[in-house]
Structures are given as C-alpha cells and as structure tokens.
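Going by the order they are written in, the chains are A, B, C, D, E and F; count residues from 1 in each one.
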Amino acid sequence: MATLEAANVERCLTGIDGLDSILNGGIPRGNTTLLTGTCGTGKTSVGLEFIIHGADQGEVGLFIAATETPEKLTGSMIPYDFLTPKMLEDKIEFMHLEDFYKAAGIDLESEIDSKGVKSLIKAIRDEVKKKKAKRLVIDSITSICARLTTEDRIRDFISGLSDALAKVDCTALLVSEVPAGSDIYSPYGVEEAVSDGVVLLGNLERQGDLLRTLQVVKMRGTTHSRAKYIIDLTSAGVLLAPLLKGGE
Amino acid sequence: MATLEAANVERCLTGIDGLDSILNGGIPRGNTTLLTGTCGTGKTSVGLEFIIHGADQGEVGLFIAATETPEKLTGSMIPYDFLTPKMLEDKIEFMHLEDFYKAAGIDLESEIDSKGVKSLIKAIRDEVKKKKAKRLVIDSITSICARLTTEDRIRDFISGLSDALAKVDCTALLVSEVPAGSDIYSPYGVEEAVSDGVVLLGNLERQGDLLRTLQVVKMRGTTHSRAKYIIDLTSAGVLLAPLLKGGE
Amino acid sequence: MATLEAANVERCLTGIDGLDSILNGGIPRGNTTLLTGTCGTGKTSVGLEFIIHGADQGEVGLFIAATETPEKLTGSMIPYDFLTPKMLEDKIEFMHLEDFYKAAGIDLESEIDSKGVKSLIKAIRDEVKKKKAKRLVIDSITSICARLTTEDRIRDFISGLSDALAKVDCTALLVSEVPAGSDIYSPYGVEEAVSDGVVLLGNLERQGDLLRTLQVVKMRGTTHSRAKYIIDLTSAGVLLAPLLKGGE
Amino acid sequence: MATLEAANVERCLTGIDGLDSILNGGIPRGNTTLLTGTCGTGKTSVGLEFIIHGADQGEVGLFIAATETPEKLTGSMIPYDFLTPKMLEDKIEFMHLEDFYKAAGIDLESEIDSKGVKSLIKAIRDEVKKKKAKRLVIDSITSICARLTTEDRIRDFISGLSDALAKVDCTALLVSEVPAGSDIYSPYGVEEAVSDGVVLLGNLERQGDLLRTLQVVKMRGTTHSRAKYIIDLTSAGVLLAPLLKGGE
Amino acid sequence: MATLEAANVERCLTGIDGLDSILNGGIPRGNTTLLTGTCGTGKTSVGLEFIIHGADQGEVGLFIAATETPEKLTGSMIPYDFLTPKMLEDKIEFMHLEDFYKAAGIDLESEIDSKGVKSLIKAIRDEVKKKKAKRLVIDSITSICARLTTEDRIRDFISGLSDALAKVDCTALLVSEVPAGSDIYSPYGVEEAVSDGVVLLGNLERQGDLLRTLQVVKMRGTTHSRAKYIIDLTSAGVLLAPLLKGGE
Amino acid sequence: MATLEAANVERCLTGIDGLDSILNGGIPRGNTTLLTGTCGTGKTSVGLEFIIHGADQGEVGLFIAATETPEKLTGSMIPYDFLTPKMLEDKIEFMHLEDFYKAAGIDLESEIDSKGVKSLIKAIRDEVKKKKAKRLVIDSITSICARLTTEDRIRDFISGLSDALAKVDCTALLVSEVPAGSDIYSPYGVEEAVSDGVVLLGNLERQGDLLRTLQVVKMRGTTHSRAKYIIDLTSAGVLLAPLLKGGE
C-alpha cells in the first residue's frame, strides 16, 4: 500500500515578503498555483515579481504571455528598483503563448482536443527542461481554457501540467482572469479545484478608493493564513499590509 | 408488506472528535455521504483524516483521487502526528480514478453512458470487496458527474454506488467541488438529493480572516446537530469549535 | 351550468399535530400536495410519518421511493416510538419507482413522452386501487419531471395523477427536491401551480444553527395559516413550534 | 385623423369592495387584465369571486380552467356565503381549456402556430358570444403561453384576444403563474406589456407569517391607486386592508 | 477634416413642464430618444402627451401602436383637459405597426432580415414625410426588436431610423418595454446605446405605495439634470415633482 | 534572454485635468485603453475631449463612430469653449466604422472570421498611419465584438490592434458599452483583460440624483490612483472632483 513521504516539503520563496510569511515559508516547491482575480488587481505584477525574485536567487524563470508581446510587456513593467539588466539577460525568459501552440502543432483557428492537451503540456515541459527553469508563470491560462471548450479537458490540462512540472521541480503560477462583477475564483469553475493552490487578488472599495487585496485561499502541503491582506504595487515591489480589523 | 429493521444502526467513527458528537456517534455504517464545499475549505483533509482514523481503528480505507497522482497527494499532505508509516502500508490504499475507468472499459475521451455507469459502480465495488475496504473516499466525483452529462445518470450513479457500498458495509465520502461564489451544495443540484448525508464545508469571512466551517446538513438514519462549526486544519487533525453565537 | 358541491370537504389527518391545526383539520381528502424543500429539510421524514399515522388510523399507505431501495429506506428511518411491526406488515407498502416504470412499459434510458405520461399515471392508480391505498407518497417526483423534459408534460403528469387519485379518494404527497441556495418551490416552476397544495420545508439559520421550518403556502379547499413554523424531527415524530415573533 | 371618444368609460364592478375603490369604480369594461402572482397568493380565489359577483349582478361569467377539472374546482372552492346554487346554475359556466383546444383544432401534443393562435382566439370569442358572457377568467394562460413558444405569438394571442373581447364588451382576467422566488410580473415578460391592466398578487413575510398582498400595477383607461394592500381570503370573499405604513 | 456646426441646437418642447426644464429647454430637435420602463410606469401616457402638446403647438404627430388598435388606444386614454377634438382631427395620426410591416413587405410570420430593416425604416420615414410629422412615437419597439433577432440588426434599425428622422427634423420617442424585476434600460441592452437619449420611467415603493419616477439618463446635444423625479399621471397631464431628499 | 527597456515611459496627456494627475502624468503613450460604462455615463464626451485636447497640442486625432454619422455626432456635441473650427479642420478626423469594414472587405451581413480580424486591424492601422494620427477613439467596439462571436477573436482583435497601434505610437481609447444594471467592465468579459488600461465610467445615485463617476481600474506601465472620482460634463470640458469620503 502507500508509503509515507518526507513531511518537510522544500519551499519556493516568492520573494514577496508578506506572502512568504502567510505561506509559512513560501510555496511548496513543485506546486502549481492559480493566481486569480479581476482586471487591474495586480496579477501580472505579482507574477513578474515572482519571476524576478527567483532570478535574484539564481533561479531561471520562464514567463509565458498570452496577450502581450514580450516587448510590450517589458516596456510596460513598473520599473522595479531591484531589477538589473543582468538578471533579465541571464535568468529571465519572456515567451509568447503562440510559440507553444506552434511547437505543439496546434492550429490557431480551432479548439484544442485531447491530443492537443498532451502536446501543449509536453511543449511547455520541454521548454522548462531546456531552460532549466525553476519558476514558470503563464499569463494567462484563460484563453487556453476557452479553447479547450470542455471542463474535462481543462481538468486534464491543469492537472497534467501540474504533474509534469512537479516532476521537474518547477513551481508555477497560472494567471486566471475573472470577469469584473463576479466573486468566482475562475471562469470555468474547475481551474481552482485541480490546482495545488489558489491565490486570490481582489478589490476592496473603501470610501471611494479601490484597494487591492490578496488572500491565500488554498495551498496544498502547508498550513497557511487565509486572512485578506491589502497589497500595494510599488517600484519596491508588491507590499502587503494586514487589513485593519473592523474596517469593513 | 414491509418489515421493521433494527433501530440501532451501527456507527462508523470518523475519528474527527467534534464531528462524531454532532452525528450522535458517527456516520451510520454503510451510508454514502456527500462532502461538499468550495475550493480551499478542507474537503481533502477531512477525507484523508476519515481514512487515516479508520486505519488507526484497523479498518482498510480506499482513497480514489481524480486529480492528483497518489504520489503528489501523499507528498502534499499535512504531516499528521498520528499517521504512522505502518498504517499507510497496511491499511490505506491510494488509487487514481483513471484506473477505475480502465477497469470499467470507459473510454477517456467520451461521455459515460448508462452502461458505463453500471460498469464503473461495479469496478469500484469490486476493488472495495477485494481490498476488504470499510471506508471509501472519492476525491472528487465532480469530474465523473461532468462526464455523465445528464441528471438521470448522475442520480443512477450515486444511488447505485450507494446501494452497492451499503451491501458490503462500506461507508463512503464522496467529495463534491462547488465553484466559489455560489451557495449550492453540488454542481448539478441532484448529488445532494440522492446521497444518504451531506456534510457542507464553507468559508466564513470575519474581520478580514477567512475561517473554515463545517455543517451536517443531512444524515439519514440518525438525528444530528445542524449547527455550523468552525474547523481548524492542524497537524493534530481537523479540530471543531462551536461558532460563537451572535458572532455574525 | 355548474352545480354547487358540498361545502364541508372531508379531511385526511396527517397525524402531525401542529400541521393538522394549521390546515384547520387536515388535508382535504383527495388533494395532491407538493411537499417541497432543499436537501436535509425533512421531506422524507414528513412523508413517512404521514404514511405511518395513516396506518395507525387503519388506512393503507403506499410509499414510492425513487432513489433508495425499500430496504435501505426502512433501515435508515428514524426509529419512531409509535411504529409497530404490525403496522408495517399490514398497512404500509414500500415500492420502488422503477417498478412503476416497468409496469408502464417505460424504457429506463430515454425521456417519457405523452403516451408514457398516461401509462405511468395508470400504473400508479392501478397499484393504489389494488392495494386500496388511501395515502400515497412519491419521494420524489423530481427525477420523473426531469425525464418528462417539457413543462407541458410535467403539467399533464401532475394534474392527471391528481385527478386520478381524487377519483379513488387517495390523498397524496409528492416530494419535490429543490437545489440548495434557491428560494423556488420546485425545480421546473410548474409543479407548484398544478398541485392542490404546497407545503414548503426550509432552513432558517439562527446564530450558527440551522433550524428546519414548515409553511403551508397553498391548500385548495380549505382556509389555512400561512405562517412559518419551526419543526423538530424526533423519535416521537415531527414536532411543530411557532417561530418566535421578532426573532429574525 | 383620429376622433375623440367618450371620456367616461363604463366600469365593470369586480364586487371585491376595496378593489373597486382602488380602481375608482371598477375595471373599465372590455379591458383584459393580467391577474398575476406566485403559487398560493389567491389568484384563483380572486378570479372566482370576480365571476360570482358578476352572476350576482346578473352577468354571465365563463371560467376556463387549464389545470383542474370543473368538478375538482367547484369541489375545492372556499364555500362563499353569497354563492347560491341558482347563480351557479344560471349564470356561471366552468369549462376546461382542452375543450377550446379541440374546438380550435389544436393538436394537444405540439406547439401552437400563428394559425392556431387565431383559431384559439376565435374559439374563445365564439363561446363568449354564444353564452353572452360579460366576464371571462382563464386560469391560467401560462400553459397556453408555454405552447406558443415565441414572444411574438404570445403578444399576438393576448392582444388579439383582448381586441376580440373588447368588441363583445367582455371584461377578462387572465391568470398568470409566476414561479416562486422571482419578482417578475409574468413568465415570458411580455404578457404584462400587451394586457390592458396588471393586478399583482404577492406574499409579504411579516414576523414569520406569510401575508397575501394585492397591487394594481397598471390599468388602462382609468387613474388608480398603485398602493399595496393586504388581502384576506374568507368565506365572505376577498377582503382588502391597507398595508400599515412603516410596517416593513 | 470635420467642420464645426452651430452650437445652439433647436429644441422640441415636450410640453411636460418639468421635463423641459430638466432638459434645459426640451429635446434637441431631431433626436431619437428611448422612453423605457417596466409595465405600468406611464410610458404610453408620456408618449401621448408628447404628441398632444405638439399638436397644441401646431406640429403634426404620428403615434404608431404595436399592441393596441387605434380605437382601443383612444378609447382607453386618460381624458386630458387640454385635448380638443380638433387637435385629434387635424394634427394627430394613430396608426398600427402592422400597416408599416405591410408597406415594407415584411412577412408577419418570420424574422426581419437586413433588407427588412431598411424597408421598415423607409416605410416609417415615408409616412413621416407624407404627413409632415414633426413628432413620432412608436409604442413599442420591443416587438420589432424581438423580430430582428440579432443585436446587429437592432443597432442598424435604431441608428438607421434615427439618422432618417434627423434628416427630416422629426423628434421621436421609441417606447421600450422592460420586464418587471430588472434594472436594465432595454431588453436587448443595445437599444440604449444607439439612441440619442434615454428617459427612464420607474417605480419607487414607499411605505406600501408604488410611485412612478422619471429620470433623464442620457441626452445627446444638451446638458441636463440626471436627478430622479416623481411623476403623477393626471387629467391635467404628467406632473413632475422632485424626489424629496433623504426620502429613501 | 530579455533586455531591460527604458523605465520612463513617455506620456500622452488626456488634457482632462484630474485624469492626468490620477495617471501620474497621462496615459503611457501607445497604450490601448478600454473606456467603459453604461449608457449616459459620458463615454463619448471623454473620448471627444481626448481627441480635442490632442488637436490643441498639435496631434492628429481619429474618431471612429460605429453608431452615429459624423454629421450627427458633431451636431450633437456639447459646444466646448476650447474647440475652434481650425482644430476640427486640421487635426480631427471623424469617420464611420462602416468605412473600415469596407476597406477590410468585410461583408456587413455576416460574422467576422479570423481573416477579417486581421484585415480590420490592418485597415485601422493603415488609416492611422496615413493620417499620422497620434490619438484614436473607437466609439464603440461593442458592435465589432458582437460580430466577432468568439472570445478568441475578441482577444485577437484587441491585442492585435493594441500591438499594431503601439508600433506607430498611437494612443487609443476603445469605448465599451455595458448594459445598465450590471457591474461588469465589458459585455464579453475579455475586452478588459487584453487592454493595457481600463477607465470605468459609472453612475452613483445620491439622494435621488444620478452622478457620473470615473475610476482608473488598471493602467499598464504606470502607478495610478484607483479612487473613484465624480465627473461633471460642462462646456469647459470634463471636470473631476474627489468623491467626498463617507458620502456613501
């Protein structure tokens, strides 16, 4: 029957100060986490900083953008104080999702079938292995999910990718775009169930101001706080502050 | 006409202290209970502990995972104080849902028809009998339900499985994944109606913190409390505390 | 033109103390009433007690279960103080819905057409006549409605059954399963309109506790209270208590 | 161009005391009014009383039931103090909707097309003319609307029927069944727009009690109160009381 | 490139006292305005008064009814103090929408295609030109929109009609029927976007009474108040009163 | 690997005083921003002023209208104090969306396929290059999105257009029409995710008055305030005022 594995899971430091404390030392290494929230809540910024802090710790990071070209992305980044040209050159790779569709032989005009799911996972894993990437961000998986068309394939894609990345010890953030005005965790409702973790970014309206919030809803392999924190996007990176009690 | 059966139903101790009290002595043995809640509410933890406490009482437990590989699952478990390698070896079996699809001759690419429903029930019951399992957790049935496609087949699957397990005296928890932002008990709305019991896990936001809650909504064959409890996932297991009155 | 019938309708005592008072003496005999509510609100318990109290008054009762086998049902009943083996043997009949599908020649794999509606009504009426049943519970009609597929056929089924039962002086409770998180009376929205009465079971959260409630929303042929009552499921049967005013 | 018609429209007294005051003297004769509300709000009782009071004033009334047989309907009526056998015999006609479908040559198994709409209107008008009916109740039109399947045909049916009845000076109440838990006026959302008037029956929960309310939302050809009234169904008929201000 | 047109747009006085003030002098002449609200909020009354006040100022008005026959409409009008038979004879034309369908060669049984959109616009414009109408009311466009079936055609119809009417200096009110229980501006959500203005009629429940309200949500070519006003339908016409502050 | 681009992005001054402060100096040049809100919230006015202020700064602006003809648009503009005929003649171009459909060879009767997406982007970019436009407003993209029919094509259209405009240094506002009664950012829920920025216009009801609000929800490449501001549309242009704290 089953065997008991080592209890002390190795951690991947996000580098975002407060977040690592919330997670009692970082994301369990190899976990695939859904980074979810509506537009403007800071998903891309958190993802970028996760990659940059990895580079600072000597880990190669792969950032796959679905929407923006790599040029536009780096051009529109907040100019972080701690980001050096050398980091970008040596440790950070920006790629476009389309490159992976091509590598997987996926036709850009039609839906992705079960075979395509497997090829796409393989294409991503191959690139991760080739680059020896220890961190991966896909910003976002929502357009991929839309093309998978069935809940089954979405489950297969996320859990298959998650298994593949766990085997090569790569910790991943999958950005999920939630439409404004809803309180769901993901557009298809299944992405959250098959991920190892869910980090929820949100908005909090307070006296006319729209604050950003962060909450770790779920993280397999560690205990963690589930409290809601206020986050601030600054050139010194993402800053977390506890939500003042009784404030709402 | 009908005959009157013994009134004192035998109980299956969940081993979760507070929960057994709520149920006036545990789940009526042979019941199939829906364990339902949104992502991050502790469904997998409650399911695992149900299996582990069974092992501690000498009962074989079968844990069928739909999403994670058995390796990943055991790797990402909270390291319980009371879990010994011997328990895992002798009494706990982790299997993957895919194995049952294969045993039932179900094609992984298409929906499951009425014949498939019967084969799948049979495959699960056969494994339960072979392993002499007295406890079963399926984490989760949501992907199965999605592939059944009609409410009728979902009813047939759950009530058929429930009947089959009752005959071999196996007590089961069927995990159901509910999308965030809804207050339903199950994605298809019928799972709850055909189960013998419903244990609802939820979230309660209190001053910025996101607490986990547990509530026994329904349990056939016993009277029970229907109050909402706060639960805490610790390395000493799931802990229940009454929700302070007037707190909301 | 029309003729005036006797104003004093004969009553069928439910045997549930408070409920008969609410109804000013019981359900008008021959009425078909929808017994509706979400999972765990006590629909099956109220239905069983209606049958058992009938047996106690010497009336034969037929309980048609859609989900559970008769064995499982009697096995998981709350052990009522007033239920004797003799009652069960002489006056109570548990049957499975599937038997009626078979008698009506309805294929278990497809939807039920207009012809099937008529055959199913006939099969139920024939059994009621054969057993000389004065009380009928169908727990539940929701799976039947799902297979009828159109609102028209649901209307035809319920009003046809209702007419047929009225002719043989049989009083019926049709259990309707409503998904959690909604405040509807029936899944298809028409069941309530064609029934002679609607008894609504519900939940009321009060300081963390989940109480059960009962309310007679509609009852043709009698005036009645429409107030909401708290109900308690005990081994002495269903107990009703008025909802304390100002409590919500 | 257009000509100015007489300003003082003749009124049809409903006989329901408060309602005639609300309407400043009754429903403008020839108007077709939607009588709408969820199950149990008293639609049938108001409709019956409208017919009975007409009979009392010497006007023939036609009551078309869609669900119940005329026998069941008269059997389950509240025994009104003012209803005499002679009224029923001479002035009140209960018929079943099915008879009109037959007269119009409408197949009971399929949807009603544009031709069917015209035949059905004609069948109803012919019966109204034949019986010299001055009042008509159809309880309910919801099953008819379901079979019309398009908004266009629903519009055509209601406005066509309304025109036809206006020509023979017949005042009509069309009962519309709204599913519980919604605050709409009609299931298809167009019935209300093409009717000359809308009388809304509703529920008002007050300290655990479920009161019935009545509100005239719209009435062409007269000014009227739009306030909400509490109604009570008694053997002396429908009684209206103003909703106590500040009570909610 | 573009040229600057005269800033002082000519105004069309609605004749409704308060409304002209809200609009700083009336509707900019040639604008096509959506007059929207649920059933019973006074859309037809406002539309009629707009036409009648135009007649009083010597302008021909065309009122196209979709539901009622012209006879029924004039028969069920509130008897306005200021309406003279001469006005009706000389300056006001009531027509039925069906006449325009016929003129446009549109089959009454099927949906309206792009060609039909153009023919219908032409038919309306031709009649407006022929009658030299300076005011137009279509009560309502909702049944037209239903038959257009796509958002694209609804956009094309309203913006095409709006352009055509602007060219002949005709100011139009298009009545839009919104189902009760929603807070939308139009059933298809696009009518409001392509109109030059939106006047929203609504209900306001205050201590059991259902008041009517009016609000100018949008009006191209003028600044205007967007406050909510209480309206009263009287035989002296529509009266506006400011909503008492702090009243809600 | 990636290279670090210049941190100080050049800004495009909107000319709307408060808005440029909120954005810490204007919109990052080359960004494509969604300007979104329900009907009547001032989208067209903000878009026009953005173009006019550009003209005032010597930049050519292209305004593509989907609904109104250029004549109607200029005719119904608020007469701005700072708008001179020379600006309109030299620097501002009003065009109709239909012209671009024609240039792109898109059939006006059918949906737009992937090839059409590319042709439409090219047609817009070609015109922008030809006119040397530095500012673009499309009022609105909602009808385009409706004709794209799939989320995929909407993503491709907006991100493709955004990339093409960035290359020619053109800053764009894409107007998005949201139906009243919803709190979404865009009708299809994806427009917001692929845009570089989102400016949300809204309504705020305060004591019966309907105020307009503006909020920068997201803007790539700059930090910005996310507070909600009250806006006023005047002949001196759009004026912003902070929402008084505690006012709601």
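Assume a residue touches a chain if its C-beta (ideal position, glycine included) is under 8 Å from a C-beta of that chain, and two chains touch if they have at least 3 such contacts.
All values reported here derive from a predicted model rather than from experimental measurement.
Undergrad: For subunit B and subunit F, which third chains touch each of them?
TA: A
Undergrad: By CA centroid distance, what chain is farthest from subunit E?
TA: B
Undergrad: Answer with same or different: of all residue numbers used at the interface between subunit A and subunit B, are over half used by both copies?
TA: Answer different: the two copies use largely distinct residue numbers here.
Undergrad: If you take the mean of the Cα atoms for each chain, which one ends up farthest from subunit D?
TA: So the farthest one, by centre of C-alpha atoms, is A.
Undergrad: With chain centres defined as C-alpha means, what is the inter-centre distance between subunit B and subunit C in Å?
TA: 30
Undergrad: How far is the middle of subunit C from the middle of subunit E, if each middle is the mean of its Cα atoms, in Å?
TA: Centre-to-centre distance between subunit C and subunit E: 51 Å.
Undergrad: Residues of subunit A that touch two or more other chains: which are they?
TA: Residues of subunit A touching two or more partner chains: there are none.
Undergrad: Using the contact definition from the top, classify how the chains connect: line, ring, star, complete or other.
TA: Topology of touching chains reads as a ring, each chain with two neighbours.
Undergrad: Beginning with subunit A and moving on to subunit B, name the chains as they sit around the ring.
TA: A, B, C, D, E, F
Undergrad: Enumerate the contact residues on subunit D facing subunit C in the complex.
TA: Subunit D residues touching subunit C: 38-40, 44, 67-72, 74-79, 83-85, 88-94, 108-109, 140, 142-143, 146-147, 177, 179-181, 187, 205, 207-212, 233-235.
Undergrad: Where on subunit A does subunit B make contact in their complex?
TA: 1-5, 7-9, 28, 31, 114, 151-152, 155, 159, 162-163, 166, 182-186, 189-190, 192-194, 196, 198, 215, 217-218, 220-223, 225-228, 242-248
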